[in-house]
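Take a look at the structure below.
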Amino acid sequence: MSVAAIDHPFFKHLVGDEEAAALFSMNAEIQALLQFELALARAEARHGLIPAEAVPAIEAGLKGFTPDAQAIAEGIGNDGVIAPALLKQLRSRIAEPYRQHLHFGATSQDVIDTGLALRLVKAVALIDHRLGKVVDDLAFLEARDGDIEVMAHTRMQAAIPVKAARKIRSWRDPLIRDRERLQASRPDVEILHFGGAAGTLEKLGDKEAAVAADMAAELGLAHVDHPRHTERDGMAAFASALSLITGSLGKFGQDVALMAQNEVGEIELATGGGSSAMPHKKNPVPAEVLVTLARFNATLLSGMHQSLVHENERSGAAWTLEWMILPQMVVATAASLRLAATLAENIAFKQRNSGS
Amino acid sequence: MSVAAIDHPFFKHLVGDEEAAALFSMNAEIQALLQFELALARAEARHGLIPAEAVPAIEAGLKGFTPDAQAIAEGIGNDGVIAPALLKQLRSRIAEPYRQHLHFGATSQDVIDTGLALRLVKAVALIDHRLGKVVDDLAFLEARDGDIEVMAHTRMQAAIPVKAARKIRSWRDPLIRDRERLQASRPDVEILHFGGAAGTLEKLGDKEAAVAADMAAELGLAHVDHPRHTERDGMAAFASALSLITGSLGKFGQDVALMAQNEVGEIELATGGGSSAMPHKKNPVPAEVLVTLARFNATLLSGMHQSLVHENERSGAAWTLEWMILPQMVVATAASLRLAATLAENIAFKQRNSGS
Amino acid sequence: MSVAAIDHPFFKHLVGDEEAAALFSMNAEIQALLQFELALARAEARHGLIPAEAVPAIEAGLKGFTPDAQAIAEGIGNDGVIAPALLKQLRSRIAEPYRQHLHFGATSQDVIDTGLALRLVKAVALIDHRLGKVVDDLAFLEARDGDIEVMAHTRMQAAIPVKAARKIRSWRDPLIRDRERLQASRPDVEILHFGGAAGTLEKLGDKEAAVAADMAAELGLAHVDHPRHTERDGMAAFASALSLITGSLGKFGQDVALMAQNEVGEIELATGGGSSAMPHKKNPVPAEVLVTLARFNATLLSGMHQSLVHENERSGAAWTLEWMILPQMVVATAASLRLAATLAENIAFKQRNSGS
Amino acid sequence: MSVAAIDHPFFKHLVGDEEAAALFSMNAEIQALLQFELALARAEARHGLIPAEAVPAIEAGLKGFTPDAQAIAEGIGNDGVIAPALLKQLRSRIAEPYRQHLHFGATSQDVIDTGLALRLVKAVALIDHRLGKVVDDLAFLEARDGDIEVMAHTRMQAAIPVKAARKIRSWRDPLIRDRERLQASRPDVEILHFGGAAGTLEKLGDKEAAVAADMAAELGLAHVDHPRHTERDGMAAFASALSLITGSLGKFGQDVALMAQNEVGEIELATGGGSSAMPHKKNPVPAEVLVTLARFNATLLSGMHQSLVHENERSGAAWTLEWMILPQMVVATAASLRLAATLAENIAFKQRNSGS
C-alpha cells in the first residue's frame, strides 16, 4: 500500500528514499527480529539458561525463514505487536524439544525495540554520510561562488550586499552542528532493549547482566543498566535531531527558492521541474521539497514528544504512536539530504546586476 | 515500501485499513486522473475547443492504460508533480493528430486536486458509513448495558456512581456531531479543481464556465466559481473534521482502557491481545490504538494547517506537504472507526462490586 | 507577567490584541463566573431547590466582589481549579443561612466552562465583525486595483500575467467561507455547561432540565440535553475554525511579503516597519506577522485536538491543556484580523513594468 | 494581560512559575537589552570605533532608564521589533554629541537575541537546579519506598509484581539524561549574537572579531565565529531539550495518577486538590498537570522547529514565532519541575494488598 507519499512508488525520488526505506521493509524488520532472537539464544545457552543444543536447533529454524505475512498481520491486529504471531511461526520450524527455548525470558518490546535499534544504527550511518556529503558540497559551492556579491534580505526587503559565502555559511554551519548532535544522540538509540515482561528480567535470575552484555556485544549495541521500555527520551531526542537536520535544510531550500525567483535571479538552477501547462518553466522542485520535508518533520516531532507520556510499564498507545511516526521521520531526513545534495550541485550564484 | 506503519502489510489490521488505503493506491490514483482527462476532453469537444474526433482517440488511448511506474517516479522526481510524465505516457498512446488535445488548457494541479477529490468522495462515504455503524453499536450497547451502575471518575479519582448509559452517551454524542461536521465539510472537498496555468483558464476563452460545469456534472463534483488551487481552507477544514472523529474515538478508547483495568474491572473485553511474555493477559489493544490514532491525527492536523500558508498561485512546498499528510489522516480515521466498531461489539459493562 | 508575547505589554500592537485579551482578563473571568452563580441561584430558587430569600442574599454577596487574587492563586495551585477558593471567598460575603445555597448542585467545570462560553460569545462576535471588515477591505481593494496586471507565480517562478483581482479573490473568498464556518461553530461553544459532580445533576432531582433551561435563557446560551464536560469536540472544532482564519490570513500575508519584495515590486506598502540598522527600509511587518500567527495557531491547534482524549468524567490533564491554549488562539485570531485590516488598507498594487 | 494561563495571576502556582516568569518580565528584558548596548559601547570605545567619552555618556543615559512602555508598544507595532523605539528613548537621554554612538554597527537582532541569551543563561541554571532537586527527591523516594512491591502494568493490564524502585528508576533516569542534554545545549543558546545589518558587521572594519570577543567576555556568553541570526538550530535544539524534560515528567505524573486511583491505591498522596462538588476528594492535581505541561511543550515544540525555515538574512515571520513560543516553553518546564518536586515529596508507595 502507499497511503503515505513517503511510501508511494511514484514519489520515491521526491519525498521518499529507497535506501532509507529499505531499512523499514518487511524483510529488514524480520531479519532484525531474528538477529535478536538468535543473539538471545546464544547468550542464554552460554550462561546455562537454555541447553546448548537449543542454539543450533533455533538457528536452523530461523534460517531461511519467510514470514506468513497474512498470519502476522492478523496476529498484530489481535495482539497489537508482532511477537506472538512471529514466535508461533518460528517455533513451528524449530525441532522439539527446543521450541520453548526461543525468546526465553524476553518480551515483545525487547525484540521489537532492539530490532528497531539495529536498523537505526544503519539509519544514523546513512544520514551521517549524507550530511557529510552536503557539507562538502556546500564547501565546494563556497569555494567556487563565495566571492560573488548578492543582496542580503532582511524581513523580505533588500538590505545591503554581502558575499555569497555569507549565505552559504549560514546553510552549512547548522549542518555541521546537526551532525554533531546526530552523533551525540547515538547512545540514545543504539542500545539493547532487554527487560522481560516488566523490565526486571525476572526469569534470568542472576545471569541477567551477563546475558545482556553478551547480546549487546554480538549485536553491536550498547548495554544499558536497565531497559528503557518506558523511558522514551532517547527516541524523542533522536527525533529532535532528525528534525533539526530537515529544518536546517528547509532554510537552505527556502533561500534557494527565493533567490531563484525570476525577478531576483541571484541563483540559477542547472535543471528544474517542468510544468504540464508551461513547459518552458524551470521550477525549483528540490528547493521547495526541502521546505516540505522540514515542515513535515517539524509536524511529526510533536507526536514523538507526545509519546514521552508513556504510562506504566508499557503503553500500547504511546509505543504504537512511535511506530507510526519515527520511520517516516528517518526517511524524510534521508530524502531531504539526498535532495539537498542534488540542489547544492545544481545551483550557481549569479553576479547581481549593478543596476538592480 | 512500508515506511509508514499505516502502509505496512503487517499493520493493516491495526493502524491501517485496506478499504480506505485502496483509495490511495497507485491504480486508484491513475484511474482518477484518467477520469479527469476524459471528462475534460468530452466537455471541451462539446464546446468546440477541441475537435469531436479527439474524444474517441483520447478515450482509446486512456483505455487499459498501465503506467510505467518507474518513468513516472523519475518524472515526479524531476517535476515535483505527476502530470508531465503521465501525460507523456498517455500521449504516446493517442493517435495523431489528437495528442495535443489531451489536457488542453489544464494544469497539473487541476488534474491532481480533482483526482484527489474523486477519491475523497469515496472516503467521506466510507467514513460516514462507519461512523453510522459505531453510533449504532454504541446505541445497542446503551440499550443492553445502560442501566448498569459504574463509578464516575473525575481527575482520576472515584466520584459518584452513574449509569453506564451516561458514559456511553458521552462516547456516542460527539460522533453524531462529528458526522454532521463531516457532511458539512463535503462542499469543501467534493469540488472540481479547474483553473489552468494560473487559475484563469486563459486558454478556454468564454467557454470556461460551460466546460467546467459539464466536467463537474460528469465527475459528480461541485462546480465552484473559481479554482481553489491556492485556497486550501477546504482541505484543512476536512482534515479538522477527520481529527475530531479520531479524537472522539480516542476518548472512547481511553475510557475503555481505564475501565478494563484489572483493579477497576467495570468493562470486560470479550477478546484481547496476547503477550509474548504473559500469554494469559488480555490486552485492550483496540482501545489503546484508538488513543494512538487520535494523537496521530492531532499531530498531523497541525501540518495541514501549516499548509494554509500557500504562497502565490501554487506552492510546491505547501501542496506537497498536504500529499504527505492527508491520505494518512483519512486512513487513520477509517482504521479508528473499524477498531471502534470492533471494540463496541466486544465490551460488556460489569456491575460494580458494592464492596469496592 | 508576560511570558507569552501575546500578553506582553510591548507586543499588544503586534501579536496581541487589547480588545480580545480583555475577554480573558482576571476581571472578565470573575464576572463571568459570578454571572453563572447568580443565574444558577435564580433558577434554583424559581424551581424551589433553594429558598427564594437566598437569591437577594447571594446577589448582595456577589455585588462588588473583588477577588483576593493571591488566595485564589493558592487555591488553584492546590485544587487545580478556581471554584473552591472562589466559592470560599464568595460565601464569606453572603449572609447566613444562605451561604450553602451558592453553587448548589453544580461543579467546578459547570461554572468554569460556562464562564468561558460567556466570553467566547463575545469573542465570536468580535472575530466575526473583524472578518467582515477584512472581507470588505479586500472588496474595496479589488474594486480599486483589481484591473492592474500582475505576474502569477507558480512554484516560486513567474508563470503568466493575471489581474490583481484574481489574487485578491484568492485572499477574500476563503475568509468568506471561514466566516460561515465560524458561525457554524457557534452551537459548539455558546452553550450552558451544567452537570454537577459527574454530569448527572443528581442533586436537582426532576428539576434538572427546567433549571438548566432557565439558566441558559438568562445567560443567552444554548441548553444542550446533557453536559459536555468530557465531550470536547466543540472546543476542538472551534479551535479549528480559528486556525482556518489565521491560516487564510497567513496566505494573504505571505503573498504581500512576496509581492512587496524590492525586486518584484508589485505591491507597495504605504507604511512599513523601520530597522535599527537601516532606517530607510520599509519592512512589511504586518504581512510577516500574519504568517507568524498562522503558524502559531496551526501549532496550537494540535494541542487542542490532543485534548479530545479526555479520560473519564473529567480529565484535569486534558482540560488544563485547553486553558493554556484556547485563549491564545482566540487572541491570535483577533490580532491577525486587526493586522490584516491594516495591511489591506495600506497596500496598493502597482502596474507591472512591461519590461520586467 | 493574562491571555496565556502561564501568565495569569490565578495560575502562577499551577501552570505558571514566578521565578522563571521573572526572566521574561518587561524589566528583565529591558535590563538585558541595556546590558548589550553598554557592553557594545565599551568594546567599541576600547577598539577606537567610538570615542572613549561616549561610554560614560551612554552609561549615564542608560542608568535608571524606565521605558515608556506605550511608546515602545507602538514602536513594535510599527517596526516589528523593539530596537528603533527603545533606541529613540535611550538616545534622548544621552548627552550630545554621543547619541549617535549608541548601538553603533549593531542591528535589532543583535540586541534582541543577545538579550534573550542573557536570560536563557539564567533559565538554564534554574532548570538545571530544579532538575537536580527532582532527581534527588526521587532518589530519596527510592531509598525510602523502593522495596515496596507494586504491580507492573503493561498495556493497562496487571502484569507481574515489581519493586517500587523499578518504577522510580524509570522516572529518575530519563531526568538524569535530560539534564546532560540540557547542559549539552548550553553552547546552543549561551552565545553572543552580533552581526550588524546583514550578519557581516560591515561598519566595524577589521575590529569586528575583537569587539565581539570583548563583548562576549563581558556578558559571559560565548563568542561564535559568525552570527546566527538565521541559524536557529540552537534555539530549536534548546526547545527540544525543554520538551524532553516536561515529557519525562509527564510520564511520572501519568504513572502517579494511575497508581493513585482509588481502585489501585499503590500510591498515596499526602495532599490533594479539592473539588467544589465533592470536598472529600483528594485529586492528584500536580500529577495531572505534569501531563498537561508535557503535552503543552510537545505541542509548542513543533512551532519552534517550523521556525527553522528562516528565510534570507532575517525572517520577521519565523523570528516572531520563536518569541511567541520559547518563553512559554521555558516557564512550562520550570513549572513542571516545581510541581514534580512537590509531587515527589508528597507521595508514598503503599504495599499492595495480597488479595487484590
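The first chain written gets the first letter, and so on, giving A, B, C and D; residue counts start at 1 in each chain.
In this text, contacts are C-beta pairs under 8 Å (C-beta built on N, C-alpha and C of every residue); 3 or more make two chains touch, one makes a residue touch a chain.
Because the structure is a prediction, the values reported are computed rather than measured.
Asks: Can you tell me the least number of steps between chain B and chain D, where a step is a move to a chain it touches?
Replies: 1
Asks: For chain A, which other chain has the most distant CA centre?
Replies: For chain A, the chain whose C-alpha mean is farthest off is C.
Asks: Suppose each chain is reduced to the average of its Cα coordinates; what separation in Å results between chain A and chain C?
Replies: Chain centres of chain A and chain C, defined by C-alpha means, are spaced 39 Å apart.
Asks: Counting only Cα atoms for the centres, state how far chain A is from chain B in Å.
Replies: 26
Asks: Listing for chain B: what residues touch at least two other chains?
Replies: Residues 80, 107, 153-156, 159-160, 197, 254, 257-258, 273, 275, 278, 283-285, 288, 291, 295, 299, 302-303, 306, 315-316.
Asks: List the residues on chain A that touch chain C in their complex, please.
Replies: For this pair, the touching residues of chain A are 153-160, 257-258, 260-264, 272-273, 275, 278, 281-285, 287-288, 302, 306, 356.
Asks: Write out the stretch or stretches of chain C touching chain B in their complex.
Replies: It is residues 80, 107, 152-156, 159-160, 162, 166, 169-170, 173-174, 177-178, 181, 184, 188, 197-200, 202, 226, 230-234, 236-237, 240, 243-244, 247-248, 250-251, 254-255, 258, 291, 294-295, 297-299, 301-303, 305-306, 308-316 of chain C that touch chain B.
Asks: Which of the residues in chain D come into contact with chain C in the complex?
Replies: 1-16, 18, 20-21, 24-26, 29, 69, 72-74, 76-84, 87, 103, 106-108, 111, 196-197, 253-254, 257, 271, 273-279, 283-285, 288-289, 291-292, 295-296, 299-300, 302-303, 306-307, 315-318, 320-321, 323-325, 327-328, 330-331
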